[in-house]
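The same chain A turns up in both complexes below, where it pairs with chain B and then with chain C.
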Partner chain A sequence: MKEYSVVGKRLPRIDSPAKAMGQAKYAADLVLPRMLHGKVLRSPHPHARILNIDTSQAEGLPGVKAVVTGKDTKGVKFGGWRAFTQLIDQYPLCMDKVRYIGDEVAAVAAVDEDTAEEALDLIRVDYEPLQAILDPEAAMKEGAPRIHEEVERNICWSRFIEFGNVEEGFARSDYVREDNFSLQTQAYAPTEPRACLASFDHAGRLTIWTSTQCPYPVQCQLAAALGLREGDVRVVQPFLGGGFGAKFELFPYEVCCSLLAQKTGRPVKMMYTRQEEFSASRTRHAMKIWLKTGFKKDGTLMARQARAVLDGGAYTSFGPTVTFTAGFFHTLLYRLPNYKYEGYRVFTNKPPSSGMRGIGAVQPFFAGETQMDMVARDLGIDPIELRLKNARQPNEVIPKLTTVNSCGLSECLTKVGESTRWHERQSKLPPGRGIGIACAGQQSGGAFNWFRTRLAFSNARVRANDDGTVVLFAGAADIGQGSSTVLCQILAEELGVRFEDVSIVAADTGTTPVDIGTWGSRVTFQAGNAVRAAAIELKKQLFAVVAPKLNADPVDLDIKDRKIFAKGRPEPSMPFPEAVTAAQAANKGKILEVAGSYHPEGKGIVSPAYSFVAVVAEVEVDRETGQVKVDRLTVAHDCGQPINPMSVEGQVEGSVHMGLGYALTEQVVSEKGEMLNPSFLDYRIPTALDMPEVKIIEVITDEPEGPFGAKEAGEGCVAPVAPAIANAIYDAIGVRVKDLPITPEKVLKALREAQPNS
Partner chain B sequence: MQYPRRLPRFEYLEPKSLTEACKLLLQNDGKARVVAGGTDLIPKMKRRDVNPRALISLHGIPGLETISHSQVDGLRLGPLTTLGAVESSTIVTERFNVLYQAVQSMASSQVRGLGTVAGNLCNAAPSADTAPALMVLGTRLKLISPQRERTVAAESFFAGPSATVLEPGEILAEIQIPEVPRRSAGVYIKHTLRRAMDLAIVGVAVAITLQDDTCHNVRIALGAVAPTPIRVPGAEAILKGKGRSGDLFRRAAKEAATACQPIDDVRGSADYRREMVEVLTRRALEQAWDRCPGSTEGKR
Partner chain C sequence: MQQRQRIIELNVNGETHTLAVEPQRTLLEVLRDNLGLTGAKRGCDQGYCNACTVLVDGKAVNSCLILAVRAQGKRITTIEGLSHNGRMHPLQEAFVNRGAIQCGFCTPGMVLTAKALLDANPDPSEMQIRRAISGNLCRCTGYVKVVEAIKEAARVLKTGGAA
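Right, the complex of A and B next:
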């Protein structure tokens, strides 16, 4: 393992003190002079035509400053899919139709929130209710009513993947099985309900402070929706209280808020309520997966075929990516010669589904890793051995899709097995207790240019001052995952200065260079590479000036702990501040500032690198009530070189927590398109008391494409939790639940079906 | 769907005595509500489930948050006694443990710091956790109005979901829990999906008093499986005067499951609830019996 000075250190995050002391300002905390408050009127119907909207009474209410409806907008659709314009399908305010309960119909700005809400009650909307289509399989049927007029059979996006020959693969298999899996709708439920504050200056330029994961894509989409030039829109991200993919796109309320600010000439703030955050934002795709797999008797994987139907909700959102990755992830973990996938994302009259932490991964991994356990039992092979036999190895190509460079999957499996004394305990625990394993992998950012940006995916600028301080300007958005800290660590390491010398300005399109945003576990990897490139460039400029003074060739110079010296010869040396002063002087006082960028060029169509993880779950099942108690989760995790191990552990624990809820308790329950549990009381995210002991084992690999060998760490550990728990339940009581969440009721039902007479 | 809104306008009244509070309630002719901790009422108002013209706060009246105890009167709780205060009272933990079990299973410590036992009862949710526990403790409720004062047994207090026998102008003024006989124990089992911050799918409370080796008295109450929290006298009768027997526990549990009338909702199906009543009643009976001082199990 390489020795680093700042990278790999357990440094506290730079934003922690402000958050711990309540000083961090989130979008909802911001206040501007003369600020108005905005509210959105939402559709009460899952599917209806808008016949007429009468806002006159609302406009007449004292304190109301503006009311906007679809007619006041430019009437252009927006969305992130600039590479496929047919997928851009959301209006800032509905024009002729509402497509889910919560769809935006009108917006109001008033002197305070009470007045704005009162005004909403005074807006009269005449609807002609249409038949609501809530089941994706019904929506796909020929002749089903259309949710978007131009979309046949309501199929928003379909995706096919094929390599090898599955028919042949199955024919040559000794053992083939097919299973159906069903995955529920999960809510993102970030701690911070979203909010934004929009303000125009006298030149007609907009600044919006908003809870977003993606300032640059929001800037571009917002400009288009308002008919402004991108450069006339500045998007600033304040502190952000969690995103998980929910704050990844431009949202209608941000356009409404901007419109109201434009119309009134005053700043306008809008804040989601908790219920809006639950029911009028985004959800994780519910999915039905059919999976067929063939093996040789000795456990060699021969072929896999999968079909997925995704419940898309009312708009495209980030669904096409999920449709693709839900097919891709079946190919990642094991050497697979023959594969075929068809995925259909279907519109329904529900809140739009999108990419949520473990994007398009948790669903296929639940199916694949549960089925792997069934196969192991049927073939009489230990589940870890079966996985090891087929496990992906470093530097392998997945046909037509991607190349996997570093891969610690086998080591993860071995270590998690050792740590949990797997071989002594699997199938041997007392009745009601069980142990189960599952694996997953995750991309380190996307390689596909869905946003059709002409700029590199990540950019950074670095300025060195002659007092030895260094300022990093990065478009990358810290959403609570700790990226700003990690980027400062990468910069300090590469530049040979101390961590405390570096400060960061981030996620402000007015002052920081373009970054495509925080999604798909890309920031440490991609923005990290951009930062590192800038640091290398800065060193180059410094070394050119310093070399003659140290009687050395620039290529022989190095910098460590703020001192520049020739490699292998610590003295003479030049302190970093002196070197910066010299570089400035050599350029007539020009500031020393450089840029770096990263773009995943030629890295297939998925991602430049992949993390891997194996999880062992230990559970107790109450056979009379069906209740499952998870006692311990042991996680062996390959994220390359951890830049900040403490931060990685936080991400792993957070992921595991989300996976636990997905496995056992979390589910959006709706009736006729209406969410019945839009609160933290009724939408059951595990509490601190529900958390099992979590043991984390870091498996360190060196990813050639990653900054200092790093890969993703924020998402991958969500996916294996549910199948590991499901497999442990099987080990405990001998029954399988193949649809999530595994509620006590489903466990009892499965037990009853297994032993009809008890 | 109603999106929760900011609170609507209402008049806030702070009477200086319970009598005055009752009068204000009567004067406002059904358009006013008493507010204690507000943890049920305020969210309902935000959802516009209820729209009172006035809120009559009890917080201006001194001495309503009491927990008093004597051999003669037993335990008495005031209308503003919070769940949190009950939870941290040693007398409750030591002598009325089933109430402690119920209270500490509720909501979160923040909500317990605000919410009251009286509010939990008057809100009359079928799943109200203190109700089964108070029922098996033989609790009586003192109700006062400008015209009269009366006491009713806890199990006669509920009239349906969100409905009680409180008449216009009537306020729950005191919760009276008689002293618990010596060789007694109580158990409350709350069946939930999460271990905190969750409402009961099923709640089962049991209190048993032993005499020699037989059951001198037993009370069984169920929550979340009928329009109101209920007692199940049929199941109790099976055990009275009998010795400890797994078979009798099973029969009583089955009887409880037959007696309840659960419904399907977001938290669970009617069938599952009924089944859980049987499992958990049996478990609660076993545990309560064995916790009685001097029970065969307790002696071991």
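Right, the complex of A and C next:
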């Protein structure tokens, strides 16, 4: 591996002292003079027609400054799917119909939160309840009532993938099996309930500080919703208390907050309650998956066929991408000659589902990797060997979809097996104890331009000052994953300066160049490439000025430790600050500032690169209570060249924590469209006591497309946790649970069914 | 609606503040809204996430669950009171250096909960650490590096590195 000075180092994050000392300001912490507080009135019905809204009493309440309903909006729908405008389907405030419990109906601005809350109670809405459709399979039936009038059979999006010939593949298989899997609704549950603060200036320009992962798409959508020009809307991301996909889009409350600020001429702040964050945001798609797979006796994978039905909830959100990736991921891990997929995302009267950490990955990988274990047992092949036999290798093409460059899957499998002494222990542990394996892979950001932006997905500007400091301006948003630190490392490495010389201004559409946002593990890779491009350009400009002074050709120059010199000849050299001064002088005092960009041009429709991971879970199962205890998770992860190994570990640990919750405890429970557990008491994310030991094994590959060989890190690790645990449970007690979460009741039921007479 | 306000005295981070507050205001609200001490976070306002943790007479409490008027006459420490002139407490340093902070929303509560633990028990076992922070929810870190950071801070504090 190459030797780097800043890349690959375990550096503390640049923003963590501010966070440790309580100085970091999140959206809810912001205050402006004469600020009002806003609240949203939400629908109590899963599906109903709005007959009338009477706001007069609320408006008369002392302290209330404005009330808005759908009539006060432009009456246009918003959404991110500018590439397929039929998918833009949400109003800032419902016009004629409400489609889930929590849908936005009206909003109020008042002098304080309590008054705003009180005003909500005074708004009278007459509804005509409509039949609620809660089950996606029922919603797809011919003649089912429609949730969106123009959408037939409530099918929001369908996606088909096909290559090879599955019929032939199955016919040539010695062994074929079919299984059904069921995946629950998971809540994002970031610890920060979202908030925003909107303020208009004298010229009618809006600034909004908001809990978002995607300032630029929010800027564009907000401008459209308000009838403003994009350039008149500035979106600033303060510190963000976790996203995981939950804060990826423009949300109706941000439009309402802006409208109220416009109407009152005063800044307005809105803060979600915890209950709203659970029930009026987004969820991970619940999914039903049918999976059929064929193998040769020797374990060669011959064909796979899958059908997925996704519970979409009330609006499109990022669902179409999930519908696609839920089919794509069945093709990623193993060499697969024949494949056929049909996926249907269906509207229901529930909160909209969207892309959550491990987007459209955790569901297919649970199905695929659980089934892989069953196949291994049936064919009498060791589960690791079966996977190794079929494992994806570097530089392979997945027909019609993508190319995989670097791929360390086989190494992940081998290493995780060695580390856990797999071969000595699998099927050989004492009763009640088990060990299971599963794999996954993840994209390094999307390549498909769903937002139809004319600009490159990632842009960066770099300014060099003559005191030796360097400032990076990047639109990319750090949402807690540490991207600002990683981008500074990439810049420092390429520029040959110290990490502490670099500072960053990020995620502010008023001052930083466009970035498509933080989703799908794209920032290190795509924004990292943009930053690197800017650094290369900066060096080019510096070298052009410095070359004559060092009696060298610009192409022969290099920079290291803040000194510019000719390659292979350390002296004479010129210190970086002096070089910047010289460059400024040569340009009549012009600031030395350059731009760089990256767009995944010509990288297929999925992603330019993929990470891989293999996880081994070790569990104890209590046959009496059905309780599952996870003792250890060993994770071998190929993320290319880690830019900051400490951050990578943190991402992996957080991901497996989320995967653990998904496997065992987390589930949105709802009845008649109402979420019954919208609190941290009733919705159980694992605590410090539930967390097992996590052992991480780095598998380093060199991704040719990535900055310094880096690619996606951590997100992919959420997906294999549940199947690894499910497979370990089978190893422990010999029963399969194919629907998540694996609760004690389901374990006991499976045990009873396995031994009907005992 | 507005209730009659009461004049209270709060001792926060060693300073006494005289404040007019409505009797139903929680300590969290008063710290954040009246004193601008936004380090304590409103993660749920229901007592289930511990993002709002502050120290009251050295004990970690959920500031969203106690009324400000009830906190009179007690010593309150918020995360802002743990560092001095930008010099971090060993716990804060350990959280930074060990990578225990991701989004940071849970961090003030975690650090203060750990502070209360280490003040009472300078040499906690891993289990005792996990138990102490088991009410502090974190969606980012899986608690791995948080536990490591608390262990490290305990070591540093024992060898006299107290801030």
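The rule is simple: the second predicted complex is superposed on the first by the 757 of 758 C-alpha atoms of A that agree within 3 Å, B and C clash if a C-alpha of one lies under 4 Å from a C-alpha of the other, contacts with A are read in each partner's own complex, and residues count from 1 in each chain.
Assume a residue touches a chain if its C-beta (ideal position, glycine included) is under 8 Å from a C-beta of that chain, and two chains touch if they have at least 3 such contacts.
The structure presented is a predicted model; accordingly, all values stated were derived computationally and were not measured.
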Chain B versus chain C as contact partner of A:Leu748, first or second or both or neither: first
Touching partner for A:Thr273 - first (chain B), second (chain C), both, neither: both
Partner chain in contact with A:Phe680 - chain B first, chain C second, else both or neither: both
Partner chain(s) touched by A:Arg42 [first = chain B, second = chain C, both, neither]: first
Touching partner for A:Leu689 - first (chain B), second (chain C), both, neither: both
First (chain B), second (chain C), both or neither touched by A:Ala20: second
Touching partner for A:Asp114 - first (chain B), second (chain C), both, neither: both
First (chain B), second (chain C), both or neither touched by A:Thr625: first
Residues of chain A touched, compared between chain B and chain C (which is higher): C
Contact residues of chain A, present in both the chain B and the chain C interface: 114, 273-274, 680-681, 687-689
Of chain A, residues touching chain C in the complex: 10, 12-13, 15-26, 28-29, 31, 63, 114-115, 118, 189-193, 239-244, 271, 273-274, 479-482, 646-647, 649-650, 653-658, 679-681, 685, 687-689, 691, 694
Of chain B, residues touching chain A in the complex: 1, 3-6, 191, 193-199, 266, 268-269, 272, 275-276, 279-280
Of all residues in chain C, those that touch chain A in their complex: 1, 32, 36-46, 48-49, 51, 78-80, 82-83, 86, 88, 92-93, 95-99, 101-108, 111, 129-131, 133-147
Interfacial residue positions of chain A with respect to chain B in the complex: 42, 44, 101, 113-114, 117, 273-276, 279, 624-625, 664-665, 669, 674-677, 680-682, 684, 686-690, 743-745, 748
